[in-house]
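Next come two complexes, and both contain subunit A; in the first it sits with subunit B, in the second with subunit C.
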Partner chain A sequence: MTPSERPKTGRPSVFHTSRRRFLATTAMGLVALSASGAHAKILFGTGLPWDSGAIEPPRQVLPGPWTFFTAREAEMVEAIAERLIPADDLSVSGKDAGCAVFIDRQLSGHYGSSERLYMKGPFQQGLPTQGDQSGLTPAVRYRQGLKALDEHCRRTMGGKSFTELSPEQKDQLLTAMEKDEVKFDGPVSAVSFFGQILKNTMEGFFADPVYGGNRDMVSWKMIGFPGTRYDYRDHVLKHNQKYTLPPVSIGGRSDWARKG
Partner chain B sequence: MTRNRLAIAAAALLVSAAVPAILAVPARADDQDFSLIERGRYVATAADCVACHSVPGGKPYAGGTALQTPFGTLVAPNITPDRETGIGNWTEEDLRSTLRDGIGRGGKRLYPAMPYPAYTRMTDDDIHALWAYLRTLPPVSNAVEANQLPFPFNIRLLMAGWNLLNFEPERFKPDPQKSAEWNRGAYLVQALGHCGTCHTPKTMLGADDTDRALQGANLQAWYAPSITSDSRQGIGGWTADQLVAYLKTGVNHQSLASGPMAEEIQNSSSKMTDADLNAIATYLLDRKPPERTAPTALAADDARMKTGGAVYTDSCMACHGGDGKGQTFLFPTLADSGVVQADDPTTLIRLVLDGSRAVATGARPTGPAMPPLGWRLNDADVAAVVTYIRNSWSNAAPPVGADEVAKVRKALAQAD
Partner chain C sequence: MARKLPRKDVVVIGLGWTGSIIANELCDEGLDVVALERGPWRDTATDFNIGYAPDELRYNVRQELMLRPAQETVTARNNAGQTALPMRQFGSFHPGNGVGGAGVHWAGITWRFSPADFRLRSHYTERYGAQSIPEDMTIQDWGVTYEDMEPYYDKFEYLAGVSGKAGNLNGRMQEGGNPFEGARAREYPNPPMMQTYGPTLFAETAANMGYKPFPIPSSLLSRTYTNPLGVTMGQCTFCGFCTNYGCANYSKASAQTTVLPVLMRKSNFELRTLCEVLKVNLDPSGRKATGVTYIDTSGNEYEQPADLVVLCAFMLDNVRLMLLSGIGTPYDHQTGKGTLGRNFCYQMANQVVGFFDPAKYNFNNFIGGGATGMAIDEFNNDNFDHGPLGFLGGGSTRCAPIGAEPISRRPTPPGSPTWGSGWKKAMRDSYLSNLSVGCEASSYANRGNFLDLDPTYTDRLGRPLMRITFDFPENDLKMSAYVTKKVAEIVRAMGAQQIDENPRTGHWSVVPYQSTHVVGGTAMGMDPSTSVVNPYLQSWDVPNVFTVGANVFPQNSGYNPTGTVGALAFRAADAIRSRYLKSPGPLVHA
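Right after this comes the complex of A and B.
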């Protein structure tokens, strides 16, 4: 792939940058080696490179206008998320946890365009263990899948759209999709669309709140996951005691994190 | 003057590849004496000439690092023996008056960013050796515009007045009451090492405030902490061996050098002899700290301490530990640290905002880095966590305000 063939996404790719950096570093190392013959050489300067601006921290996703979904699509995704993870005495629903916001931002980002995957043909039917092998990006799957779902409902549910169905009807339809008992028109099958949205809803529910879902770390509080803590030396020897530190997100927690 | 002419002629011949070496005029033994040149190399190392007179990755001593002073930008010139762009047509006397009087060849006044107020104390022997060494450097053609100061500071003659007010040419005077080791340390600290250039507070005119020598100073968005034997803000809690380890390897039981000190250790003190480092330790740890009453630590139920404690638990504790002890040789100890408790919290704030990489030396090659947290913490969060660190465990220091954090954040953004 020549540089001109590279998909133009309008956003700098993290991988391209770090790859270039990696190559530059390697080249420097080679120069250093060749300049000094067989002996390793200490690069003049202050040792290992350090550039505090080199990290690309994740930006806090804020609820707001949809970046990928149309209003209608968003409504449907929220309705599905609400059935996949219904509100109960353990947690709020997938919709209220922000799963649709999470999916929306993912679809308008590199995930939606499969930017980091090899996406040139030939596309062949692979084995189930090989995962998705089609040329359809997640963005296309959602666009086509939601369209097919809505059409399917209007055709088979007496003209009603998916969002107008009762909770029980929605569950029945989703269950049928999961069991591959529903036939969608278009390139995306009902069963694969169900698998896709179930997976993404769970990701939104359990991923760090910085990405738009898991609002207020609701799922982490539910299951007792401590979040972005990674050192437990102070607790290792405290046997049979409850771990009391609250979970913390990449963006912080309400005791100190910047608001809004 | 015959000697100098000969030396120049010899140097000129050496640089001319076209002339077979066999035709070169044999230089006088004393100028080309190997041990003299090696000694000069050591003087240049101890004086850390390379720090300013080179750019990272560039040819050593060919000039080029821009120094941001409160008065404007100065660039250290090319000091290789290149005749057009370096000091190839200088004499030893020119170097002597540069180092001792701040007056370069042709009466050109230097700015004290060149630490001649320290080098003025250098011995004749060291200057002679340094000259011999500098003559052996390969000449590099690299024209440097040294003076980039704005008007009126760009008028070099102003420095005549500055010198009148702030500068006394003087040689190092040993203290007969003290040991030879102590005096060697004093010479290294005051003259060659020019430690005060960073660690001594400056007057309004940018001169060393000698009454507060080595008590810590702010420059280029770093605070060079006190290196007196003050046990709270200085290095009084360190043993001589711990100080020597720091200077030699960049790492000791408590601290890891980064920022400008990392460069100093890499280029200079890690290459000095153990005897000289021990002498420095003997001298520095013998310097009486000024009388200071320690402030009372903030109460744990102070709102800033509570917020700061939450930030610390979530963002710092994984490496620096709940007890502030860190991990020896890897993560600095925050408890009882001089730089943590310094009156000026600039270094502490900048490390939280921007992170840093510790020096990597042969003995301690890891060079661990602290990640920047400025993207995750706002000014109030940083102020709170810094206040918390300064007032936890056995530490006590004045609280830090969000406005101070904003100032450092701005300075860092400008430096990028």
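Right after this comes the complex of A and C.
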């Protein structure tokens, strides 16, 4: 449509009248459709709508009662974490680093329930290239996987539970699970349960200590990761030189805490 | 029943990089602009607070800033004979969500595509003959030239404060820059980043092998910089929490750090967050958009009338909205007819990890950022003779330590145990002494790769999910094998004791992260039978609809896309301002 073809009535094109209109607008400000930050908002003419604390900082996980695991389940998870990351001259064990506490708190939160993931059906078996299609949440995987592991041990290890096995027996069983050589009863396979707990144990061992694992930044000290320092400009050009400052976490460092 | 709101001149869907640029430009023209953003408000001071921004679990592993699949995902399959299934969690790529979009968590590598890229089919035909292009490879020209794009690349680079070294200033080659790039009118706005040990060793080795290394063009800034809009950014601190994180230093260019402080103060701009557009409304002729319908988080529906609709969402959503709205003709892979959803492409991500002697090498890879590092372009695009090779395309080779957050980045040599004391020792020994060199390579369109609406799976609002039908074409797999071997030669020459070569192989999988550079589906071009939008990104079918994003790429280059996406946003805005507003209607007559 060329300008000459424009209709004579109505607004020919707002593009030519809009400046007048917006200059006439006086009601500038922040209009929230809802009091809650989680609801739709209209923002205009206000500059940047800073809303301090709009995003929640992480809360320090403290050791204490289990929030997801039963005492029995927690004992098994700790025993597994102790074998996946054994205590040796490099570090304390995964258990002592807090990995089970980490996993417990993660399973109680949005991770455990898969609430942020796509959980609509139909659930159908796919190809490996199509990713996990099982529909089981991590919480269910742990509950079912630990139960199946316990039953498997009692059935095949002379009535012993997993936690009663020797370190060598535990390692043999975990290795067999990793290699898909063990068959679990129930919906969670041994190999997928092994993958799940290995992944989460490593997350707990290497994540910021604020989440309950990596106690006192034990893994970061082991490998030389300085944590959350956030500014390395003075070291960029120090090629091939060790970085010597100790690590810092979101919560700081234990020697910053008030003594006595 | 949707509540009808007062008319606006322009509705912009999505307030990321392109939405912010378009909205700001059109506000400068005096238009009343409203942006609808499906995600939340995000800003540096509140959302990327330095006290807790460096949190690998939250941002990199649990993907806090990304689109949540519960809100929307895609279904995927490798070919039309398979049943597509939903990506229940994002793996292969990470769509963004919220103000700033994927431009919040991007790496910051900011290339210009090469002159040959924009006329790819013509270029290969001229150099190697038409028979060099396989019958099922549907690569095509963009309908613009590099020379057309140059002023807009310049605008985006100066907006973002890109730090780099020109290789070609007005046709004069520059020492230390990329000798393969197209001519630039002027230098980058900021000098290159400092380089850590790894990229320095890579560059020295590459130079000894006869290659021409240059600093990666970086939208993480090498110094304090005030852009043409008057917004000041800070110097990058190499914090190592960059890709997949928001930047707490105001150092990574994003809508937040370059445009929004200006745009949000404009009285003719309005932003509605947590408002998701359901469809673009058309008049009975189907040739004119009347506005959009959207839904807020309380489930209230609104009709927003507007004279101009600009789709600036993540590229997959731009394509999906056009499919849901009936704008354009959906592609039929069997007949090859139709254009909407055609030429969906990806990025071939290849990588070589070198394991060096821990007693001699300390790379401190935790010192880094998404775009710090050195590159060579000898194996990119058509910079090498493809005549005898049996494939087309290539990639940019770069050593760019983006950080070494330890949940995700602690590789061990092939054959190492995955747990126990043996794993601990291998991992500890490798952590500071491994170095990765990648080759981010082209993805060429193929007749069997396309986007359409899934017949089974729906989002939380009941709308069909986007369905991706995609696999790596044989051409791209051959190319990946070739370039990865070349990269491995360099890593070996750098002194690695052991090498782990990872060219892309086999079938595309949704599981491992590869790249968020999904492109295509609404190709731009001069021919409406092979493109959805014209070279000004205007719909051929509905001229008051424009779409700006990587969805307009006809195929992908061996470069990261954001520089080109930003330049296209400025070019589309310029076309709207200087031509469309004077005479609303088709800017190109087919």
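Note that in this section the second predicted complex is superposed on the first by the 204 of 260 C-alpha atoms of A that agree within 3 Å, B and C clash if a C-alpha of one lies under 4 Å from a C-alpha of the other, contacts with A are read in each partner's own complex, and residues count from 1 in each chain.
Note that contacts are C-beta pairs under 8 Å (C-beta built on N, C-alpha and C of every residue); 3 or more make two chains touch, one makes a residue touch a chain.
Keep in mind it's a predicted model, so treat the numbers as computed, not measured.
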| item | value |
| --- | --- |
| Most subunit A residues touched (candidates subunit B, subunit C) | C |
| Touched partner set for A:252, first subunit B, second subunit C, both or neither | first |
| Touching partner for A:231 - first (subunit B), second (subunit C), both, neither | both |
| Contacts of A:222 with subunit B and subunit C, given as first, second, both or neither | second |
| Which superposed partner A:55 touches (first subunit B, second subunit C, both, neither) | both |
| First, second, both or neither for A:83, with subunit B first and subunit C second | second |
| Subunit B versus subunit C as contact partner of A:186, first or second or both or neither | neither |
| Shared subunit A surface residues [contacts with subunit B and with subunit C] | 43-48, 50, 52-53, 55, 57, 228-231, 233, 250 |
| Sites on subunit A touched by subunit B in the complex | 43-48, 50, 52-53, 55, 57, 228-231, 233-234, 245, 248, 250-253, 255-258 |
| Subunit A - residues contacting subunit C, complex | 1-3, 13-15, 18-19, 21-23, 25, 28, 33-34, 37-55, 57-58, 83-86, 88, 90-91, 111, 115-120, 122, 124, 126-133, 135, 171, 174, 178, 198, 202-203, 206-208, 210-211, 219-220, 222-233, 235-237, 239-243, 250 |
| Residues of subunit C defined as touching subunit A within the complex | 7, 9, 29-32, 40-41, 43, 45-47, 49-58, 61-62, 68-70, 73, 76-78, 82-89, 91, 194-197, 200, 235, 237-241, 248-249, 260-261, 264-275, 296-298, 307, 361-364, 366-367, 404-407, 410, 418-421, 424-425, 427-428, 431-432, 456-458, 460, 507-511, 581-585 |
| Residues of subunit B touching subunit A in the complex | 54, 56-58, 60, 262-263, 266, 306-307, 310-311, 313-314, 317-319, 321-322, 354-357, 359-360, 367, 369, 371-372, 375-378, 381, 384, 416 |
